[in-house]
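Below you'll find the structures, each written out as structure tokens.
The same subunit A turns up in both complexes below, where it pairs with subunit B and then with subunit C.
On to the complex of A and B.
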């Protein structure tokens, strides 16, 4: 195929050399690759165009490659519509109660019951595949200026499931690096990672402040 | 497929795929379904493939007309002085 292309190219550039090239190239083609022989008889016509619609496979290639290009274009256009998509998610997170605060292997561990309710359905656009939602506890200690502990998460795959309420204990362990929990105030933040069908993922969040651990172990 | 047929096929291909893309995008956006967009686009591309790729008769309406090889040879000889006027006259009529 490359040889054929080469011949076509050189033909269109130097038409006086056609016969010489034909003699030079056609003979090794037939001798070396018996499968390419079928190409040889049509040579005389093909100086006309470089990329052609002259053969079944060439046309198939032309249609499929242009179709793929147009598919990429409409996917990009679809992702552009996400830019003008407006959402107003409503989120509420409450700590219902602390159900244990203790020291374990030199670190503080807490157990909390959370009431997480949210309506994220407006985030879903026609280009949204799914949401990854998680609630993180965020606080500052003398050792670390920024601690972030994931307490709960969920994957939402449909717009209908984006309105939910979860009354749960923390799904993942709520353990500090050190013994700083007693009397510490912390934030709870819900993050949602929006995974579109095409183009880039983006992140939204909403923070709730003013939560406070009990003053003593229990 | 002859040359005019190739040009026709290429033009049909380009316009039809651009049309398919815009129809699919519009439908997907209006009905807010990405899946529908891909399905419409895929269906239309299959139709384009069926129209353009096989060597249909409508792409072969302008067959190449090759010169008669003897006529070419004799008209070349005509320019040379050695050839007799009788023969060259016949070739010109042809």
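On to the complex of A and C.
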């Protein structure tokens, strides 16, 4: 009698531990069904009957539900450990030379040679899938309060590749909205977009100031 | 074989024996489940400020970062769009939104309107070929949200259902039968 009560109680509580226990010790699950038994026209009484359940399906459901719940909890806990990871990336960007400054279709275009060096290996943790690294030129003009143009980018998928030096011209067109480049000051910022194996993404950056366009077209 | 036919017979009998009140209860329960799902979805829309808070990646243009079948969580927020962010945008004349990275931003001083250019990490060139004819930039109205997190592989279920609608109908039918007989 006590065993029956325990099983019924565990069913009503839906305790995953007891459900797993039931599966392991091969106890068929039992559910209470109520049915109304008519005794007289004026009143009715509630009678209870015990019904054995489809053990295989219910056990499978219990195992899968609990396994998924446990897996989700472990994934969340594991991804949270990534938050305590500390990194100290070192970055340096230099403008080697301007290889052209011209007006094209009413907009200024520049071609610039960059020396980009960085050690981003400390950013990598067990949960890092890749780093999307890019260098952007940032400046203001009378028309625009903010201009940001990506000049160069790279995808780093391994910690060993996170220490690099690149001597390259701008990979993407360095074109202004208007004719504002001549003599204009601008910043270069390296951004690293950390893409994890799962959960939250975040961006880190380091800016370098004091760069200036040539005063004349050439 | 006899066991299977007995089970089918029992199931049919149980469906036949359903009373009107019981049937109504089942319909109301089903309605509540659907309503709850809808409330949760609309709540997410309000919370994230994005018209589609969860999207599935359908192409390989953002590989290796995002693969086909990954689920992305979006958030719009009030912060201005910046280069490097991964945004989901709609293009006029295209039904399916695109998930790509912002590579250029020009924010107008007077109007505050932002001109944005995007590119897929795995694509050679920018997205101007994907935009509407004559369109050079995306504006804030085109952007549905920016990606803040993702779960790998989970979206394959959606892809299978989209590509093979039969699976979707079978699943709905099975769920309907389960609701009736449970």
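In this text, the second predicted complex is superposed on the first by the 164 of 218 C-alpha atoms of A that agree within 3 Å, B and C clash if a C-alpha of one lies under 4 Å from a C-alpha of the other, contacts with A are read in each partner's own complex, and residues count from 1 in each chain.
To be clear about the criterion, contacts are C-beta pairs under 8 Å (C-beta built on N, C-alpha and C of every residue); 3 or more make two chains touch, one makes a residue touch a chain.
On a predicted model such as this, the values are computed, not experimentally measured, just so you know.
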- request: Answer with first, second, both or neither: which of subunit B and subunit C does A:166 touch in the superposed model?
  value: neither
- prompt: Where does A:56 make contact in the superposed view: on subunit B (first), on subunit C (second), on both, or on neither?
  reply: first
- prompt: Of the partners subunit B and subunit C, which touch A:77 in the superposed model: first, second, both, neither?
  reply: first
Task: Answer with first, second, both or neither: which of subunit B and subunit C does A:125 touch in the superposed model?
output: first
Message: Just to be sure I read the superposition right, which of the two partners does A:67 touch: subunit B = first, subunit C = second, or both, or neither?
response: first
- prompt: Between subunit B (first) and subunit C (second), which does A:145 come into contact with in this model arrangement: first, second, both, or neither?
  reply: second
Task: Pick one for A:113: touches subunit B only (first), subunit C only (second), both, or neither.
output: neither
Message: Contact-wise, after the overlay, does A:197 reach subunit B, subunit C, both or neither (first, second, both, neither)?
response: both
Message: If I apply the document's touch criterion, which positions on subunit A are contacted by subunit B in one structure and by subunit C in the other?
response: 197
Query: In their shared complex, at which residues does subunit A touch subunit B?
result: 45, 48-49, 52-54, 56, 59-60, 62-64, 66-67, 70-71, 73-74, 77-78, 81, 125-127, 197
Contact footprint of subunit C on subunit A as seen in their complex: 129-130, 132, 134, 136, 142-150, 153, 155, 157, 172, 177, 191, 193, 195, 197-201, 203
Message: Residue numbers of subunit C touching subunit A in their complex, please.
response: 64-65, 80, 82-86, 101, 103-109, 115, 121, 126, 147-152
- line: Counting only contacts in the complex, subunit B reaches subunit A at residues 1, 3, 5-7, 9-10, 13-14, 17-18, 20-21, 24-25, 28-29, 32-34, 37, 41, 45, 48-49, 52-55, 64
